[in-house]
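Just below is one structure, and these are the notes that go with it.
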Amino acid sequence: MVRNVCVLGATGMVGQRFIQLLSQVPDFNIVNVAASEKSAGKRYEDAVTWHQTTPIPEEVRDMRIVNTNPDEISDDVDFVFASLPAQLAEPVEAAFAEKYIVASNASVNRMKENIPLVIPEVNPEHLEMMELQKDINGWDGCIVTNPNCSTIALTLTLKPLFDKYTFKRVSVTTMQAVSGAGYNGVPSMGIVDNLIPYIGGEEEKMQSETLHLLGKVNGGLVDRANFPLSASCNRVAVVDGHTESVSIEFEEDITVDDIEKTLSEFRGLPQERNLSFAPKQPVIVRKEEDRPQPRMDRDAGHGMSVSVGRVREDVFDNSFKYTLVGHNTIRGAAGASILNAQLISELYL
Amino acid sequence: MVRNVCVLGATGMVGQRFIQLLSQVPDFNIVNVAASEKSAGKRYEDAVTWHQTTPIPEEVRDMRIVNTNPDEISDDVDFVFASLPAQLAEPVEAAFAEKYIVASNASVNRMKENIPLVIPEVNPEHLEMMELQKDINGWDGCIVTNPNCSTIALTLTLKPLFDKYTFKRVSVTTMQAVSGAGYNGVPSMGIVDNLIPYIGGEEEKMQSETLHLLGKVNGGLVDRANFPLSASCNRVAVVDGHTESVSIEFEEDITVDDIEKTLSEFRGLPQERNLSFAPKQPVIVRKEEDRPQPRMDRDAGHGMSVSVGRVREDVFDNSFKYTLVGHNTIRGAAGASILNAQLISELYL
Amino acid sequence: MVRNVCVLGATGMVGQRFIQLLSQVPDFNIVNVAASEKSAGKRYEDAVTWHQTTPIPEEVRDMRIVNTNPDEISDDVDFVFASLPAQLAEPVEAAFAEKYIVASNASVNRMKENIPLVIPEVNPEHLEMMELQKDINGWDGCIVTNPNCSTIALTLTLKPLFDKYTFKRVSVTTMQAVSGAGYNGVPSMGIVDNLIPYIGGEEEKMQSETLHLLGKVNGGLVDRANFPLSASCNRVAVVDGHTESVSIEFEEDITVDDIEKTLSEFRGLPQERNLSFAPKQPVIVRKEEDRPQPRMDRDAGHGMSVSVGRVREDVFDNSFKYTLVGHNTIRGAAGASILNAQLISELYL
Amino acid sequence: MVRNVCVLGATGMVGQRFIQLLSQVPDFNIVNVAASEKSAGKRYEDAVTWHQTTPIPEEVRDMRIVNTNPDEISDDVDFVFASLPAQLAEPVEAAFAEKYIVASNASVNRMKENIPLVIPEVNPEHLEMMELQKDINGWDGCIVTNPNCSTIALTLTLKPLFDKYTFKRVSVTTMQAVSGAGYNGVPSMGIVDNLIPYIGGEEEKMQSETLHLLGKVNGGLVDRANFPLSASCNRVAVVDGHTESVSIEFEEDITVDDIEKTLSEFRGLPQERNLSFAPKQPVIVRKEEDRPQPRMDRDAGHGMSVSVGRVREDVFDNSFKYTLVGHNTIRGAAGASILNAQLISELYL
């Protein structure tokens, strides 16, 4: 069934990705695009500095941008996709949630009581918090959030292992693409012949969101998974595609084959339900000694699969290392929200 | 006292660095440059494709290149600086060691019996193996090696901490510059909008050489330091300067201040002896949240200091993380050999 | 009608592009892949280091590679797509041409008597030389070549203007992508924080091939177009997509609008005949002040359109400047040969 | 004689370069650093985000920043080095010029009546306008400007040829470094695997400033040189160093040797007077087929020489092409002002 959707922050980088991706999915129909006052009233094409490599979709090109105000969007909207500046996200998403289901990329609401933080293959059961959220707030709609880009890629690879084995500790060092910071986020002076070993707030987000995603819903709260997880985050000269170097120490005595098999065979609810935006294989295992690489592997599964390679023993007891690559603005942002919406549409509407 | 030196592999990348750096140090005098048969007999300027950003030193420009043969170099040479292709290094360095002190960059001889693997600030006492080496082989000279580029930078930061505290484990993830692979080593197709999460043999070298350097000489062998060390190595779009993200778990309950103070105050024998090629401060601690960065910090201490930043607590017990940057072709290669030679000159000649 | 094809040099960069693109075109059926002796006999997947960002097409993955020998390929092949090393191209292409139509990327045969050098939108009538070529050599097949990558993009924009106006002179300065040199062609040391203002033979090729393409067939020869054309070629840190800064001095007094309209409205025989591999619009005119850009515009028309922007008056009399971007390994190499084959298939088979 | 100087805009990119370079020149003594209100009153080290690769000079580190106000700086200042935002430059430089000699980088004053626009090797005689400027305004000081970065490099190579031969036309296509736009000027999203074929106002500046510099002073005005000059400007993934592809058509029938000799032998007043900041050779001619390259050649002459290579015949009558590289933030900005000040100090103070 086709769902009507609205995109908030429609002229920003993630907003553009929403529009690009939604136009390729037949089960969503963009009926409104909203942006700041400066853009409201203008044709989308006139207001946006389009940074995608495919053209602005025909159906959006001439659409008038509306204000970021629930009263200005169509009543028959099913989902509101939001990628708003941090300071706006909290009040604006709440205002829209009175009436609509808001699929949000903002970090501010990610770990609040009653608000599900979801990766469809990882913790679809967290969506049950939506009802409580509606009831408590007296809303017709609700807010559903997706994690930070680097967390999504990591957690997709941890989930099948976590279900089968016991983690003693996990360490991850990221080499993240510049697109994650928005078009103007990283100056070229900082990234040509250079890298930046710091991304504000990123390590904290990875460390908390991952444990939250692997936790269990307990009323409107989540009992987090209980293992130490350390993240070190770096920005490198890559346009799209986060690379992460991961090490896991297990309780159990397992093998490289066990890990590769577990990751390769992993399928979640989106795969079972055949959601059109879900990749056939959430995690692809590569055997070449020098893969995955961001430019080569970020588009795997149309940007919705995470590629894993170099699975090998680490020097610590029962420890293994691997490298992963995930597309940060597809699987890690806009695509994550879209898949959340598809799952909600399938299960709850 | 001025020492006469010869450079083997003089037209290669590290050979060029040797020539560039040696020409800036008054206590060394280049008397011979050797290269492959193809180049032998030619003027240095005519044979080399010079890839340094300073001009070929005047005194070398017109020098005739000799064959890589001990008989072709001057009798009064004190040090032979060698950066040879892996397959040649073993026999050639041995041939030169019959007569000369060979300061070698090749990995093949690094952990052989009787051959010292040395960073002057870290394990100058390993040089005592030189005598045994001469005796056993009946040579007038000997071979002294320096470690792999990423190992040198790491070990300079581990040494002062290792002397004071007890390591339970160490993990490091590197983001290494392309110059480490030689001029033609990394195709631009692999590194523009990309990174390569694999460097052949590098993880093994870091894991073994570091423990060797922190070990104790026992006759002609070394009793390695005894803690687990895990290395994951990546190649990124940086010309010079390796960045390493390090995590250390200690036995002791220490603080960020303890670590920063220990690193800042670290001085080794080269500093005590005021060797001209030694940096004033082997390890520089930075307090900015986003430093060190390779382009900004690789030239600290004329490329001979390692910069450390982001010293912070890790999530594991008694664990700390930091980021380091070291110049891979100066401190990590040619400069390492030159400082070894200066120390030998000071202590033994 | 579906044509059977063979790809020579199938494991190289352009060979891989041939296989990737051909697998997307229903009117071609890959029946053989040929490569050097080293690869012959192996499964394609085992022999190739695949550098494309889409997976190896299913139908080729398990194909056995044959030797580059006309006797080893299937009799029912219609087209042989060749991208061979310069020194092999001449004898090998001739050998295959005895029996097959060879669509060649090699420069060696481009301007030989009786051999058409063709861009389908520019000079399809040059294909008439095929008959003479067959007759004179007594071959059943023939060789058809496509130009150098930077020439193709330039000439597609010159052709409609050349047909309507008279050129007094043309100057072009290129900023070319690294993929044009093959996977190992440009070391990253040469391109990170750098550019290389030289590409061997490229300026000469652009200067001669362009005039050849705009010339008239005269028996087995071509009377070249007669205006001075100057090319300066540079290599920059871009993966795919050549950018060219063009200036044209006309005899006539025209306007920016005349040029933009002429370029936008340009359609060639491939568009008239609706060839499936032809872009709807060979030249796309952009109005933004900072476009075209290689990463943003190289994929226009699935990589087969050339994007033009910044059309503006130059300071010389009746002179205009513009910037163009064309995909060098699609429109500029493999795609060019494929479109040549489609046109031949349409007109002659 | 040592001159006291003040730097305006001291925390910006060019301001930092001024401080870095001035601290290396014994004939200048920094007595004040000025910046915006936000920084005034702070220690320099605390106010600046230092982006140079050498440390903040000792003598400036602890200096208190003053407001950008002539009343706040020391009376004994001889030169004020200014690199101010465009909208501030006009009133602020005028205010300082009442009392001080202002060496300005701003474009707004470059071609005003009575204000000299000078490259010391090219048109030192334009400095004679200083007197008229003082008289007419009733100032004790005056404003002296230096050209745009890409103009300086170009004009240094045109000057010796222009003095000897007659130009019919000149065309230049630039490939400019990102540092020219300031630290935040070019987002990495625009430059990784990309280039931007547009720099606002740059083509106009090159076209007018070059002719102005080669013109003759006529009272308070300049009779510009009279030949058509066309500039096309592009931004590429290079940190420092502008590359320019130049073509000149001459009236005379000359040779490649004539050009190379004329460029190599060129010396200006700064060389005659042995100014310490002047490069020995303003233009260095290279003979390699692939030089100059920005990373390799930008530091020639401590960043004050322009390197020229690939001098060759062009296809037009009496036409020649070459490639040049000049350091855009040294020779093209801060270093240009410093050399202007040295020349004024030598000739007029």
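Lettered A, B, C and D in written order, each chain numbered from 1.
Going forward, a contact is a pair of C-beta atoms (placed from the backbone, for glycine too) under 8 Å apart; a residue touches a chain by one contact, two chains touch by 3 or more.
Everything numeric here is computed off the predicted structure, so don't read it as measured data.
*Asks:* Can you give the shortest number of steps from subunit A to subunit C, where adjacent chains in the path must touch?
*Replies:* Minimal hop count between subunit A and subunit C: 1.
*Asks:* Quick one: which chain's Cα centre is the longest way from subunit B's?
*Replies:* Chain C.
*Asks:* So which has more C-beta pairs touching, B-C or C-D?
*Replies:* C-D
*Asks:* What's the distance between the Cα centroids of subunit B and subunit C, rounded to whole Å?
*Replies:* Chain centres of subunit B and subunit C, defined by C-alpha means, are spaced 47 Å apart.
*Asks:* Whole-Å distance, subunit B centre to subunit D centre, using C-alpha means?
*Replies:* Here subunit B and subunit D have centroids separated by 40 Å.
*Asks:* Roughly how many whole angstrom separate the Cα centroids of subunit C and subunit D?
*Replies:* Using C-alpha averages as centres, the distance is 42 Å.
*Asks:* Any chance you could list the residues of subunit A touching two or more other chains?
*Replies:* Only 51, 190, 192-193, 237-239, 295-296 qualify.
*Asks:* Sort out for me which residues of subunit A touch subunit D in the complex.
*Replies:* Touching subunit D: residues 51, 178-179, 183-193, 237-239 of subunit A.
*Asks:* Could you list, by residue number, the parts of subunit C that touch subunit A in their complex?
*Replies:* 51, 53-54, 192-193, 239, 295-297, 299
*Asks:* Given the complex with subunit C, which residues does subunit D contribute to the contact?
*Replies:* 169, 171, 173, 175, 190, 193-198, 200, 207, 228-230, 232, 234, 236-239, 243, 245, 247, 289-296, 309-310, 314-316, 319, 321, 323
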